[in-house]
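Every chain is named by a letter (A, B, C and D) in the order it is written, and numbering of its residues begins at 1.
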Amino acid sequence: MSTELHRYDITQESDFLQPRDFNRKTLLQHVDQVFRAQITNIIDLTSEEKLFHVRLVKDHQRERFTFLPGQFVMLEVPGYGEIPISISSAPTNKGYLELCIRKVGRVTSVLHKARRGALVGIRGPFGTSFPMEKMRDHSVLLIAGGLGLAPLRAPIFHVTENRTNYDQVHIIYGTRTPDQLLFDYQYEQWRRINGVNLSIIVEQPDEAWTGEVGLITKLIDDLDFDPANTYAIVCGPPVMFKFVCNQLSTKGVPMHRMFVSLERRMHCGMGKCCRCNIGSTYTCVDGPVFDYWSVMNLKEAI
Amino acid sequence: MRYLGIEPIRPRVGVFSFTCCEGCVLQLANKEETLGPFLEAIQVVNFREISTEKGADYEIALVEGSISRDDEVERLRQIRDQAKVLVALGTCAVFGGVNRLKDVFSPQEANRIVYGDQSRETAPIRAVHEVVPVDLSIPGCPISKVELERIVQHVALDLPWQFPEYPVCVECKQRFTVCMFDKGQLCLGPLTRAGCDAPCPAGGLGCWGCRGPAADPNHAEFDALVARRGFSRAQVQDRLSFFGGFPTEGSEEKP
Amino acid sequence: MLFKILTKDGFEQLVDGILESNEVIGPKRVATGANGKPIHQYLPVTSFGELDLDYETTEFPAKTYFLPYRETLSTFHFDEADWTQEIRYRIQPRAIVGLHACDINGLLKLDKVFGRDAFPSPYYLSRRRNTLVVGIDHMPCEGGFCQSVDAHVVSHGFDLFLTDLGDRYFVSIGSDRGFDLVGKVENREVSEDDTHAYLAVRRRISDAFKTHVRTQNLPTLLDLEFDSPVWKRWGDKCLSCGSCAMACPTCYCYGVNEEVSMDFTVGTKVKQLHSCNLVDFAMVAGDHNFRPSRESRLKYRYYHQHRGFAEAYDEPKCVGCNRCGRVCLAGINPPEVIADLHEEDRA
Amino acid sequence: MKLDLNVDVHHLTRVEGHGNIVVRIQDGKVQEARWDVVETPRYFEAMLLNKHYTAAGILTARICGICSIGHCLASVRASEAAMGVGVPDLAGRLRLLAKHGETLQSHVLHLFFLAAPDFLGLDSALPLMTENPTVFGLAARLKGLGNRICDAVAGRTTHPVSIQVGGMGARPDPTVLRSLRQQIEAAVPDLAATAEVFAGFDIPDFERETEFVSLKADGQYPWIGGRVVSTDGVDRDEHEYRELTHEYLNENNTSKWCKLSRDAFAVGALARFNNNHAALHPAARKVAADLNLSPVSHNPFHCNLAQLVECVHVAHESIALIDEILAAPADAPIMADFEPRAGEGISAVEVPRGILYHRYVYDEDGRITEADCVIPTTQNNANIHLDMGALAAQFATRGMTDQKLELLCSMLVRAYDPCISCSVH
């Protein structure tokens, strides 16, 4: 008696086993497929950060690809690795992303060598987003430290593009030194927008610096706003958002109205590899955007 | 990597041997399936063991072996002056290797044992970094060619390279090897940096620690567990001191 | 569920039949331990005789046949200025014979993570669907506490499940595929005697458990004891060698790495099983480590097993096989660690 | 016309280790012709003292990166002899198979990468990669095969792990062995092609009466242990290695020198061939005939051809060995049960470059109190030196240039495939 075991084609299951849709009717067998995307433009921001303009190659993918402010993508550099990167552009730009990338390791280094026209891969978008709808008709504090301005740019774009939906808008940004300031070419533009207040501070000024000096919390001390009518988005390193949120909290902003974006090591973006796991929470699917109350409840989150 | 707009560069490489068995540079000619592409990814301009060409215009120097004589110090300094990137290749170059075992004797005593009354010049063994600054250390006795291939790819594109931080046990388990301790034998796997793919436990030998310590090795618990299993201090010390990669009893911190 | 009776010869015929055209994996004796006990592993066999179905436990679980320690997720073919991505998953069918209840329960837990959820894994599902699982009942293994986490019995997740009644097997049939197989060899219906004998064996197994772990209220206890000195006590012993995760039937944390072929024409994206006890588990760029201490890493392994997973799926991830305890050279094992936590609770 | 020639080679290339050649010819007369080994000494015989028997083989493997299996094997055999350990049959076969892998790997490395470039007028074998991919492919495939055998049986290509006192630490997977067997069979045409390549080389016409020393086994080509014989009629047991080598010091060398019936003698592939031609596999004998190689050849350049003949021999012997290993029962032991004990042990093994002797004395704790290793290249060095003089004298004729003589002298040394770091262990 010889028994040949039946070969089971899992694509048959796609009908009833469909992955959470990230902007494509993804079939089960395609969860690891990347969208091919071209680097159309590269802007040197500082010695360590570059802004990459990336455009999905296929028309129908570009058509379908949408995201919300605060979400991130997995950026694939074939042969070198896949890394989580926050989307740093306006959600209204279809199939077109701006990614601000700091050179820190293997994948980011190879990216920094890439030329215009290079083809990379995009998976996503993944994760939770800043609840821009909830914030409607309120004042918004958009606070960033260092590289935190990269994820904050998407909500900034959203707010400025839907300016009538929001009350007072304060953009507050701080870095250690003036040469670390990102997107300096946009400050003038933001400042000119009606009802948008931009303030910038550095910890260690150089000779040419004429602006504010100190920690970002100093700017918030001086800030005039109505805590009862305000939402805040805080992006930056954990020490920074911890101090800022505590400060806002004492000023009367409820913790559930402050949103932060957490960063963890991630290898899949799909709640599988566990590397971003904090207790039972996956930063990639349950986050990266959390309200501050949830963060306080996550052990070891900060 | 053309799709990124990066042209692969073929760095000019010199290969140099000092006091050792030359087994590490031999690995350069091993792994024959990819030998052609490997040798195409670099330009070998000086490699005494397999070539008569003696180019002095290398950018990367692969240096194997430990340093045990004055003429070696001199030769190593010249290499350092020329090379942009100096790589210590293999356990002898990185830690001193088994050669250090001779240093339990004074040079005079070692000479008496081996050469009788006609002694030869020798000095206490030094690792390459103890003589000149080293840019990259690749441990292994011998080095792993698979790992070297990857490192070369990184060095050629000037990308940072990261060795595994975790110990050999991970790779050992992933090969399905029955743990040496279960078979009643000693193994340094829990302390030693992975990356070799654990050939020694698979061959029934147990790890001897040729790749040196993993990140943050737990010596205290290791000492306790080997004692519980009845291994003597001497047995454990024999192993820890074998390749020169671990701090040994009486030595301050890392050698 | 349907049940049948197979003779031992009949079962051997059944396996031989599968072996003729498929790979069969099962418990194989590979070495003798220093304690004189045989050491088994789930390995491919070439004949029924190589299987040792009367094994106590294996050093490693069978998960590697579903979630390989190393697996290629994608292959990128570079072509001048362009590339294409190729994704393949294993569809070659095979059989695993002789899994104990706890290991099948382990698969059921992996099913939850990789088979359903937001993003099911085609790599896992394809292997799972294409693997015939034949389980077998066995007396408790030394140190095993599967009963405490309700993993000593299993009612689905397999194709066939055998209970040894001396001269014959009582077979629980878990799938149409299993049903067809049984039909191919001599079999008969279950008699009342068989049922009695079966229940007696089940009872004998249940009564034989010596190791018990108090799991009631464990998730809350873990939250309460987050800062307990218990973690430091055990954490200080941890070798950060990852052996526990490699040996655990349900640990699935992984890392993904990419490599370029030496001739720069092909890139591969490889998944490798990782462990939350390894130093670099939560290391991020700039050398920041979210879990820098052995203590915090060890604690989080227990959190994932008994709290995090329980919160997500209403059951612990641990199936009580105690492989992690057995394989740990430092002697860290769930029964003792959890008992310690309860002690702390009382103190 | 006066004929003055000078050759000065500092750190000869394409050999393992560091050695220098000096030749001075004045007025057609050889004033000086020297082969000096200047490798840094490593003092293994000192390092071995007080080492546990489990460490000796691992340590001595590090004497040489090319013939580490040979060293490890000689070492564990010496330890086994000292402690009276009998190695299980299957383990013996596995060891021999591993050694064959090493012989193949080492010979092919020498033939293609170290020796062949001289005959092809190249600096190295690297240009072959693009200029003659067929030959490069042959070299890579055959060397790869040798390495894969070592890998599968000894656990690694360089520095074996499973060769241990008492037997072997692991038995290779049958599927791997079956695949190796197929690969070896498939390599037979490659070996024939290699023979053709070497048949086309212009081998220098030079002879010097030499005493050739090798092991001898009854009816078989010798590899591990047995009697030691020479073309001068010596026939002794391996235990008498001291009377067979007479190691002594030479002031210009960090390596020692040896002698037997004459001022010097030679070991290695040519010596084995000269003494054991009749025991070669018929296929290997046929290749020898095709290459016009017959015993007793006194041309040291023929060592290359003898290596080639041995490659064919080990390939065929490996196939037979694999069949025997596959036929052994699944539970056949590969490791002996033993307790360490005091004693003295001597072992001789034919490694690629000739006879390797290890001798240890153990105390009752299984630790070494005396150690001695006599390396093939140590035995050859004096002979290379004397050959150099004769070669210089023969070729100091009209039309000779410094460059040509330098090449000839270098080729002579390379023909011996010296393992210099070994010889200065």
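Points worth noting:
Heads up, the rule we're going with is that contacts are C-beta pairs under 8 Å (C-beta built on N, C-alpha and C of every residue); 3 or more make two chains touch, one makes a residue touch a chain.
Predicted model only: the values in this text are computed from it and were never measured.
When chain centres are defined as mean Cα coordinates, A lies farthest from chain B.
Comparing chain pairs A-B and A-C by the number of C-beta pairs in contact, the larger count belongs to A-C.
Measuring from the averaged C-alpha position of chain A to that of chain B gives a distance of 42 Å.
As a whole-number value, the distance joining the C-alpha centres of chain B and chain C reads 37 Å. For this pair, chain A with chain D, the centres built from the Cα atoms lie 63 Å apart.
Within chain A, residues 77-80, 105, 117, 119 each touch two or more of the remaining chains. Within chain C, residues 78, 81-83, 259-260, 283 each touch two or more of the remaining chains.
The set of chain B residues touching two or more other chains comprises 1, 3, 5, 36, 40. Chain-to-chain contact here is organised irregularly, matching neither a line nor a ring nor a star, and falling short of all pairs touching.
Chains touching one another form the pairs A-B, A-C, B-C, B-D. Remark: chain A residues 77-80, 105-106, 109-110, 113-120 touch chain B in the complex. Partner chain B is touched in their complex by these residues of chain C: 30-34, 39, 41, 43, 59-60, 64, 69-70, 78-83, 236-243, 246-247, 259-264, 272-273, 275, 278-280, 283, 294, 327, 329-331. The touching residues of chain B, when paired with chain A in their complex, are 1, 3-6, 154, 157-162. The touching residues of chain B, counted against chain D in their complex, run 17-27, 29-33, 35-36, 39-40, 44, 47-54, 68-69, 72, 97-99, 101-102, 104-105, 109-111, 113-116, 118, 120, 122, 141-142, 199-200, 202-205, 208, 235, 238, 242. Partner chain B is touched in their complex by these residues of chain D: 11, 13-18, 40-43, 45-47, 49-52, 55, 58-59, 62-66, 68, 109, 113-114, 117, 123-126, 129, 136, 140-141, 143-144, 147, 154-162, 164, 168-170, 249, 251, 254, 335, 421-422.
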